[in-house]
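Have a look at these structures, which come just after this line.
Next come two complexes built around chain A: one with chain B, the other with chain C.
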Partner chain A sequence: MTAPVAQRRVRISRVAGRFLVFDIDDVVYIRRHHGICAVLTGTMPQNPTQNLFLGLPVELQAEEAQLLVDKGVGYVADELSEHLSLLTSADDTARKAYLQHLKQLRRNAQLAFEEEKANIQAKHQAKRKVAAKPAKAAEGEPSSSSTKPATDSESTSLPDTTCVVPKSPPKESLPAITPTTSSALISVTPSAAATEPPVPSSSPSYLLYRFLNSRGYYFTPGLRFGGDWSVYPGDPFRYHAHYLANYYGWNEEIPMLDLVTSGRLGTAVKKGFLFGAQKPSPAGGEVSDTPKQDSANQGGEVRVFCIEWAGM
Partner chain B sequence: MVISDHLEALTKIVLHNLRYQHDWVEVHQYTKPELPRPMIYGLPPKRLYVHPDEQVAIIRAEKETGQRIEPEPELEWVLPLHLSEKWTPGQFAALFDAIDSIPPGGPDPDSFDLDDPASQWKLWQGPKRGKRVLLATVQDDSTVTYYWIFDGLVKPRQN
Partner chain C sequence: MPLDDDDNPALVAPLAPSSSGSGAGGSSVDAAAQGSPDEGLTAEDLLEDEGAASQDFRLFRKQPGVSAQTIRKGEKDFESHGTRAQADALEQSRAAMHEVLSYTRVHAGSQKNVLRGWYFPDWWRDYEEVVEEAGDGEVEGKEKRPYGHIRDRVVVLEGSSVASKNLGRAVTGQAKDRPARGRDWLLPEEALYLVERGSMDLWWPLKSLEELFPPGTPPETPAGKGLVGEDDEEIDEYELGIPLSLQAAYALLIGNEGDRGKISLQKFQVYSNLKRCGYNVLRAPPRSKSLFSTQPTSLWQWFTNLLTPSPKPVVYPPYGPLILPGLYRSYAPIYRRIALLPRHKPDPNPTFPPVPIEPFAVHFHVWKASQKWTKLRHPPPDFYLAVVDAQESAPPTLREVDALLLSTPYSPYIPPQNNNPQKQQQMLQQGRYLYARLKHGRRHVLVAVVDHGVINYMRFAEAAFGEDGVLWTRFDENVAAAAAGKAGGKKGGGRNNGRGGKSGGKGRGRR
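Moving on to the complex of A and B:
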């Protein structure tokens, strides 16, 4: 199980400035191995105002996307430019392969339709049999004999009428579909074109995010508790959030009222208010002299503080 | 260290508030060159903070001995602040670096018996105690609010 996981590279699609993951295996992988649960945002096409039971794609925060890029397990693909260039520059074989893929999708759809049709027919027939049996038992011999010819005539007459209709040419008629993904079109490997990072690696939000993520904390957006993030001690499926968190720069001034209000709010929802920052590394050197520490300790130390109401 | 009038007044307000409104005893000012302003430490009438893991240890000890344990009050640090102030994370870090977890006059962390299974819960008053400071925020109407600030990741209490 570990071997395929090690090679996995998560495709993060940048669409209109948002970072989306469309592959369910990628979603499971980053949740399980990198502590990123992110937010499901997909609605059904028929119901764009849906706000419950959302599905793929998963939308990553910029910090989460940056972390995957930094760890080398993901890459950001600019979907608009990539799709355009792939569609215009595809050579003949690639083009044919793509068209073949579309045809296969349509065939699959056809098979699915037929299967469903057969299921429905089988169900109807079963129902008819159940309905016919008690009727037979109640009425006895004569009635059953009277119904039989009727069904016989039906079955014989129907093929006759269909035969009148001129036969359609024996061409494969497949249903039209709109492909839900363009997985066959896009390359599996990241394109060489360098994309700008989701967030600068030195931004305060990213530094605090990386620090807490490396300690096993999970994040969800924090608006519902009045902060930048809600921070969970493990997967949010299993735990309540421990903290509501805000990030600041090392030398950013925080009004005392912000600390008091957030601390008060946090205590009211049984959470601590967490804030923190990374100390800028001395002499501007990016790499610290400590040789082999986890990646979260690049640069200066990260200091975090928790605030709670004192109850007095 | 030269203390400005404003800081002196601020410290006095908090000191009096602790002494006369919250019945603290042994309240003292604490100055140190590394500290940007005088701090206060003192003894509250009852225990102000119980770490969630300390609570677990206490309940365990209560179960073993069959006796109720009432945690004794501990000496606490207090930082007087005015509501109009703005502090940076860097300043808070420097403040925590300048103090010990236990204020002067408290128990010596080295005097605890680390191996005695019956007194594990007591370690939270000594070596296991993290750095914490009461932020005493003063407003102009002389309201003082008290909030804990902890150094590092400290999980919230199960209140």
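Moving on to the complex of A and C:
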């Protein structure tokens, strides 16, 4: 595929066999350009007691991780071994650089805090001024009040300047910071050690996933509606899921009971029950066999069906 | 994706932060924020990362009132209809998500107020035997401290905080000359939860525990006090260790099922989900007999059991109707005679409870939020919870559910407090609270099913239809009422509503 202007390499952290993304820019990037929204799983530090909207990290399904690897926009990194090797290695250049970066962050945070404080003070003063003005306007004639605000603003502006100036040397204690990613510590390039693929490229789940993803569908885990996936016609921020999807092997027998249960359940929650599989490519003349363009990528044609409960 | 074209300008936006980055704040705020970096930083600093410095102001600002509404505004649409309005709404959501999640955890306040944890994964590795001893001690004396999972505790807290009221555990019974004596040690899930919610800074130590927390220092002293002078503390701090990122914390603390000093991602997700909801959560102690020996059959109980006549087994003639012709004054003997199939009878004290089969085993004990709860002193748990992965496990078999239920204590339904206890007792005997009792079951356990971060809680209960769900006592009531001249409305019946209970099928014998 053609590389966009700013080609990102999304770091997919493999932690105990699970796939996580920690960098918010990566998260937004794959959501925008690769149709992967995945699941936000972390506690949000700004608001740690709510469960409605969660924070980083994002947990990818194995199929999603595999897709990013296949497209060449992501790489899987074994976080534990990389971290341990860097943290325990004798060579401390990486550590030093990381600490330097951290110190910079802390300085920035310190500045941000001071700004915030100054802003709040300024706002308070402005409020006080506003509150003072109408009181005075109401109390006397305009001629007398015109002189008063002038002196008022002068007196308030004085402490304003004096309190900003001494704050400029932020020497004593910088706020501590917990960065979200270790990007300043670990190498950004994929490590040489080839890790095994998240999911085999020939697994039926991956084939169906890749097909639907290429058509612009978004996926979330299907647990909410009792399927393998919930499938959205676009970003779940905007759209409701249209399908609850299950994958099967091409030659796998689908139990009738599955069709009935998932079909009924899907209809009950206003979703179609979708299932599909990729036809195994016959050796050789597969291109002539399947004229459709969908099967451009290796393998045969993907057939997808949708079932709705007739409810007669 | 149809929306790509519209997305592009916004993608560029974060790269030029001075203009777009601070759109959330007021305009006057922004102007001030941009003017400021010159004051504190040298020119070199500014050159180093020109863009990043001013963007950072956004990263550290805690936005008030972050909620789901910030991200998802308005109703969802059915499908894309290619309008600008729709694209804008989507873009707004994405931008809001980007902005909200760009926040960096920062621990404001003076150095002493920052809660710091140090990662020492192997300190308690060999503690095993002593733990077992403590576990056994718990069985005998109730006032003993609950099981501590000491071997799994990998993060030592520097100083104490509000968090250590509910989390962590100081290991008692240590020799006086042991380092870090009396300090709280955190389990991996506790540490990661604190890091994630921005309450703790996790550090990778470069010095040994003995050096950081020399023996004999009170638990309040910060790390490395005995090691270094107090001058130029910032340099010295980084000599002691390295602050870790959230990513590193996940890498170090999340592990495979059964790894010592780690927790699986699914369990951690359930743990933090419950903590966010305000529940108190502790790891379940390893299986022991204690659960069952807490309520031993006393001699008196045994005696009364002996005296209370157990109903005589019904003897049927070799042929003929089940209900012999005769005079029946109540429904009770009739129903007793037609109950051919044995019913499940929950056993409060099973002698040989089956061993739970992973993953259907109790992993967490959960308590509702309460003022009185502390990590050392707490009532029996409100819920017993097992964590299961949706992709790797199938619905439990009867054997699995049975073992899982039997690993929780017997807890029959307690009716709501009534101001007239006598009347309440009467109501209980008359079969009131029938459905509440059936639903509650004699034992119950929660199973959290996790599918890639999406959690679903299910409740399994051991319903006792033969004990709680008996309806014919009401018929007798009606008969008595009718005999007294009142018209007894025929109530009851209802569908077999027992869900998931193991005796759902067996209970049909009631009719």
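Everything that follows uses one rule, which is that the second predicted complex is superposed on the first by the 190 of 312 C-alpha atoms of A that agree within 3 Å, B and C clash if a C-alpha of one lies under 4 Å from a C-alpha of the other, contacts with A are read in each partner's own complex, and residues count from 1 in each chain.
Definition applied: contacts are C-beta pairs under 8 Å (C-beta built on N, C-alpha and C of every residue); 3 or more make two chains touch, one makes a residue touch a chain.
Here the structure is a predicted model, which is why all the values come from computation and not from measurement.
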| item | value |
| --- | --- |
| Partner chain in contact with A:243 - chain B first, chain C second, else both or neither | first |
| Which superposed partner A:18 touches (first chain B, second chain C, both, neither) | second |
| Contact breadth on chain A, by residue count: chain C or chain B | C |
| Which superposed partner A:28 touches (first chain B, second chain C, both, neither) | second |
| Chain B versus chain C as contact partner of A:8, first or second or both or neither | neither |
| Touching partner for A:233 - first (chain B), second (chain C), both, neither | both |
| First (chain B), second (chain C), both or neither touched by A:71 | neither |
| Which superposed partner A:257 touches (first chain B, second chain C, both, neither) | first |
| Chain B versus chain C as contact partner of A:271, first or second or both or neither | first |
| Overlap of the chain B and chain C footprints on chain A, listed as residue numbers | 233, 242 |
| Parts of chain A lying in touch with chain C, wherever the complex brings them together | 13, 15-18, 20, 22, 24-25, 27-28, 31-33, 35, 38-53, 55-57, 59-61, 79-80, 82-83, 87, 95, 98-99, 102-105, 107-116, 118-119, 122, 168-170, 173-182, 185, 216, 220-224, 233-235, 237-240, 242 |
| Of all residues in chain B, those that touch chain A in their complex | 22, 44, 48-49, 81-90, 92-93, 96, 134-135, 137, 145-159 |
| Of chain A, residues touching chain B in the complex | 215, 233, 242-243, 248-257, 259-260, 263-264, 266-267, 270-272, 274-277, 279, 303-312 |
| Chain C - residues contacting chain A, complex | 1-4, 7, 11, 14, 28-29, 32-33, 36-37, 39-41, 45, 48-49, 52-53, 56-57, 59-63, 66-68, 70-72, 76-80, 86, 89-90, 93-94, 97-98, 100-111, 114, 116, 193, 195-199, 201-202, 204, 234, 238, 242-248, 250-252, 254-256, 259, 262, 264-265, 269, 272-273, 276-278, 390, 449-454, 456 |
